[in-house]
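Input: a single structure, listed below in structure tokens.
So that you can tell them apart, the chains are marked A, B, C, D, E and F in the order they are listed, and the count of residues begins at 1 in each.
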Amino acid sequence: MNKSNPDLFKLENMTWPEVENAIKKAECALIPIGSQEQHGPYIAESCDSRRAEKFAALLGDKLDPLALITPTVSYGISPHHMNFPGTITLSPQTLVSLLGDIVGSLHDHGLDRFVLINGHGGNDDTLGVAVDTIRTELPVRLLAFKYTSLAAEAIEAEVDSDFYGHACEREVSELMYMAPEIIRENRIEPGEEKKLLSFKQHPVNLGVDFDEYTENGALGDARQASREKGEKIVETALAEAEEIVRDFLQLELPDRN
Amino acid sequence: MNKSNPDLFKLENMTWPEVENAIKKAECALIPIGSQEQHGPYIAESCDSRRAEKFAALLGDKLDPLALITPTVSYGISPHHMNFPGTITLSPQTLVSLLGDIVGSLHDHGLDRFVLINGHGGNDDTLGVAVDTIRTELPVRLLAFKYTSLAAEAIEAEVDSDFYGHACEREVSELMYMAPEIIRENRIEPGEEKKLLSFKQHPVNLGVDFDEYTENGALGDARQASREKGEKIVETALAEAEEIVRDFLQLELPDRN
Amino acid sequence: MNKSNPDLFKLENMTWPEVENAIKKAECALIPIGSQEQHGPYIAESCDSRRAEKFAALLGDKLDPLALITPTVSYGISPHHMNFPGTITLSPQTLVSLLGDIVGSLHDHGLDRFVLINGHGGNDDTLGVAVDTIRTELPVRLLAFKYTSLAAEAIEAEVDSDFYGHACEREVSELMYMAPEIIRENRIEPGEEKKLLSFKQHPVNLGVDFDEYTENGALGDARQASREKGEKIVETALAEAEEIVRDFLQLELPDRN
Amino acid sequence: MNKSNPDLFKLENMTWPEVENAIKKAECALIPIGSQEQHGPYIAESCDSRRAEKFAALLGDKLDPLALITPTVSYGISPHHMNFPGTITLSPQTLVSLLGDIVGSLHDHGLDRFVLINGHGGNDDTLGVAVDTIRTELPVRLLAFKYTSLAAEAIEAEVDSDFYGHACEREVSELMYMAPEIIRENRIEPGEEKKLLSFKQHPVNLGVDFDEYTENGALGDARQASREKGEKIVETALAEAEEIVRDFLQLELPDRN
Amino acid sequence: MNKSNPDLFKLENMTWPEVENAIKKAECALIPIGSQEQHGPYIAESCDSRRAEKFAALLGDKLDPLALITPTVSYGISPHHMNFPGTITLSPQTLVSLLGDIVGSLHDHGLDRFVLINGHGGNDDTLGVAVDTIRTELPVRLLAFKYTSLAAEAIEAEVDSDFYGHACEREVSELMYMAPEIIRENRIEPGEEKKLLSFKQHPVNLGVDFDEYTENGALGDARQASREKGEKIVETALAEAEEIVRDFLQLELPDRN
Amino acid sequence: MNKSNPDLFKLENMTWPEVENAIKKAECALIPIGSQEQHGPYIAESCDSRRAEKFAALLGDKLDPLALITPTVSYGISPHHMNFPGTITLSPQTLVSLLGDIVGSLHDHGLDRFVLINGHGGNDDTLGVAVDTIRTELPVRLLAFKYTSLAAEAIEAEVDSDFYGHACEREVSELMYMAPEIIRENRIEPGEEKKLLSFKQHPVNLGVDFDEYTENGALGDARQASREKGEKIVETALAEAEEIVRDFLQLELPDRN
């Protein structure tokens, strides 16, 4: 985080003449997408939005001046967490429309490439559908990824818990590095997992509710989390993401209509 | 802002057991709604979102523990500003769906009353449609207002410019009180208004682009803005809003299905 | 009403060669929009449609040959009157689609400007959304107004009741001037208002049902209505509307695609 | 037309207490549906709406007090006439939604049976889809017919032209009986038919434009029309319709939800 | 069925270079559309899909190399059969979208004419709506027919039952000729018709469930069916269809956008 | 394939009394979903549909009598193959609606569990969205998987090509085992891959067209395919699928509304 003002390339913090200027050099927009959903008794519900937002800021810093950052999409696809208070879920159609409107508006201002930076696994399918849908409607290039999936090996190396993936050792570690203020450190406890979890070993989409997996909404043992683990995971993902996006910027563009 | 932790009643900052607890006393959710759109050469484009978010926090503080606050809806209806770089506009249908999903989710968690706190005039009609649409689909009570419209007299008394309503003396004053960090004070300049403005005196909906009104996207003379004016406007609106919401909480509820 | 055949510029009364001819001179279409909803025990439920239709005819007469008039949209947005028998309400999405189809068809025939003449306050938000939606999809100019809002001062001067706005002194006066046949004069009685009405002083959108305001569906004291009051209100609105539309016809058009 | 006030059972002409009363005896609503489309150089474009409206009034009179009549749906499905000035076409989806809203509203007021009285062949498929769609969503009975299809034999017997079906001898005859004011008698001329017409003998849906069939938008020889022919056709259809609706009222109702 | 490989012109059986080649000569695509719905106790539920598919293959053979055949649409509009196990019904909107996507994709590959070959009467209205909808969105020619409606006279001559139209003498005869494998010959029995059937003599759309017509889901007396009757009906329809499609291929095309 | 009549549990081959009987024992429906899209110069375009259909039949055989099989969904999500002739793509929304209608209909007949058997990777995201969407609307259990993803280790062990995943050694091997009739053996050739392929190593969603990856639409070297490899892959996936589905049938059901 070596930038004097890391927020300058965020559209929400810029005036229109500043955007007009920045857009001359920018070659893509980064769109951070999170969720408002339960993350166990020790993480605030904005966990995924915060992580996506911070990750996008770090990535934007590395890519400067090639990328602008949109306001974070703070709501995601969370039907499976609705049995825990406070979770808010969009219908997939709403999120696809929302992203289509954002991309379409910025395309009008001259941008042709868009990177959907996802902080919540539950959004993955909908973002895939958004990519298929939007690129059929507009002559743009789209790239979408869940940023942690870019650090699979680092995660395997760092995480000690048997299970992870939500309100877990990995997520708390990331937050310790990027957004410690939303952890309730004194409330951290192991996930109260349930038998159904055996299902997780199959790569299938099983439409279950998260309280069928875990009583307290958490997985694994977040007590093993550390800022160091988080730093390794995030920085690995960041290096990968930077490379991918720079490659992405080389791809040929479809003709503007 | 007399609260030790003014953000505690924001859903994004709470864990699910904290929400579970708070929702026992809460009788409504406040949903702040802004926009990402040009506000002249001297206000960052998140102007309306920031103001709605801050206003909702101040109002939540007064209503505590009766209100919870959702993550801010950072995008609004801004087709009329699309000729200025950086503006992002949703289609009205997208915003109605988004609000319907938010209300529906929180209704599942036990809330029955929802207050749409609007910071952007361009959203007004869509929020009206959202009220009509959502209350037909769900047995909930909805209240929507543009918060500055609650302080019409104070605004008339405080504002000296001939014109106001966007990137203006009134808006800069409000920001000086609530979010001075997004003003570029040294760039403040008068609105470069155009003849078309004569139309504004009729209470009609004329689908024009904002650059038909003003060259630099601003109205009136924001150099006359002051934190004091902002405080009077905001605090007046706040007192009105508190009274309205408290009355609203007395209204009978429709039967849950 | 000084025209020999006031209905000639209504599209429903014209053959296609007559339209072909008229469209050479016409520069806009007027689209009257009303409702089918309760108007107390003394006005037929087509009140708003009749008033919008008559007003459009009077305005068309003044603008002749610059305006054509479409068939009246007889259904509007009336969820708040659904507790009274006979009320029919459209979903806002239906009305937006309907208006989009009408505008799109006439745009195909060469018209580029459209005036939505609204006779029902409950339609206002949806018409605003229609303006935002349609002008994003088609290169047209749109103007929308509730015609009585053009005569605010005259109404203030003429109306004696404490409350008005629906099935009231103002509306009966207008009908006495424009469509006396749908008044049941011998049934006129004061509105049976309820306490909730105190809310009405705030400029907020409170999604309530009309029977929470008034027992008989009426407001104020319609016994004070007169044809003279109606004439003043309607003729004032008419003069304003004519001026506004003539100005509107001067606005530059977007390029046809 | 033996009723003193034939319009009394029209919802648009009734106050809410009158509807409340009438609905106690009424067992169905009649919904007249027409079009705004070219009908050759000698019939005004509201031809189908007028005929549907008049037919519904005549039918309502016979069924009194069993039927209420809704405001006429003045717009229909007319893409095939769009090459003639003045035609306005809805998308099928819009019309289905509009009818769904009308039926849903009246179902809320206690009606369970609905008769779609169609005056325009081009609406037939969409009304079929409306029946399939609405009865899946609501526990109602629906009946739809193009009223002239109930008088096929009478039409065969009365009409002398080789072709008919639009702006034709049959339609002008009907209008002479039901709505002579929208005929331009001195403009009546034969249809300027084209070779493509051979297609008409197959019962297929060929998505063609009407100007591929006929130069002036008319078919056959409307000069052979007469009020007497119209009376026979209309009265035959009316007798059939009355019988069908009375049978329809005997059909068992699905359970209200 | 004189072709060595009658399936060669089916898109599902071709590689992309084979399609690339065939599309140079092909001037239309045939789209067979059926249903998955009850057909009495003696016909499998794919009856309509099988018949449409076979008919399209026979027609494609006659038209070779002018027509390509798409995969059969195996689901149709069957709300009226939902009271019999196994029936699956699409909403009309789903089928319209599905057909729009198929037509749009093949239009991208260079085809401009599309023939919807319908095997199920319940699809007729939705296919009509599909024609109106798709040809408004894309510059294509569309033709739709229920193939048995092309053989009305042959059917009248061949069929002896009083009633037919579903799981009947006519349908079993057709299957004996085209797809005998889905008949349970030893289960054939007369339709167990009910009184409601009197309604069938009116050309009206009465939204009834099929079990209101017949206890066992069948009509008439299928025991009178024969392969010979089926051959006459199918071959008559085939000859008509070939002629119609060849004429259709002569119709002028709209300009590609 | 040890069953005398492997097609008996396919809904399309059953009469309604047979379904009525079978549904008493059946505890789920299998829904095979494929695509119509290019698969290189040596596989017919129905490749994915055939494989999904055959796999579902084999699985149904193992699960008999617990599973019924619906007609195959022959169209999928293939925008990335549209630059190759013959490909047909649905919009994701269409496929979600289609699956929702199928599930909804069978739920009406008493089934509560549904297994989406996917033969095409491009469908994965849309099926995930379908699961999230449908289970929010209906009280059903849904399970979705791309069947080859259940045999990841077997595939790694069997496949020798560097790349695979489409029109490849793996897919041809599977077809040799399940549907050899759609392979053009004499046309098999290596994929003509392009540099862009380096992207494939990242787990990201990059909205590219398949002709950016490969000139002839194929990947890897399908000449190394064999029936034995196919058998191992398919039988491994089958054993996994059977186990997963049997576990799935143990999951608790949501209450029927």
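One rule holds for everything that comes next: a residue touches a chain if its C-beta (ideal position, glycine included) is under 8 Å from a C-beta of that chain, and two chains touch if they have at least 3 such contacts.
Chains and their UniProt names: A, B, C, D, E, F = Creatinine amidohydrolase.
As the structure is a prediction and not an experimental result, all values here were calculated from the model.
Participant: What chains touch chain A and also chain D?
Facilitator: Shared contacts of chain A and chain D: no chain.
Participant: Please state, in steps, how far chain D lies from chain B along the shortest route of touching chains.
Facilitator: 2
Participant: If you tally contacting C-beta pairs, which pair wins, A-B or B-C?
Facilitator: A-B
Participant: For chain C versus chain D, what separation do you get between their C-alpha means, in angstrom?
Facilitator: One centre to the other, that is 27 Å.
Participant: Once you find the CA centre of chain B and the CA centre of chain E, what distance in Å lies between them?
Facilitator: 55
Participant: For chain B, jot down the residues that touch at least 2 other chains.
Facilitator: 91, 93
Participant: Taking chains as nodes and touches as edges, what kind of graph is this: line, ring, star, complete or other?
Facilitator: ring
Participant: Using the touch definition up top, name the residues of chain E that touch chain D in the complex.
Facilitator: That would be residues 77, 79, 91-93, 96, 124-129, 131-133, 135-136, 141-145, 149-150, 152, 196, 198-199, 202-208, 212, 240, 244, 247-248, 251 of chain E.
Participant: Per the contact definition, I'd like the list of chain F residues that touch chain E in the complex.
Facilitator: The touching residues are 11-17, 19-20, 23, 36, 38-46, 49, 70-72, 74-75, 82, 84-91, 93-94, 97-98, 100-102, 105-106, 108-110, 182, 184, 187, 217.
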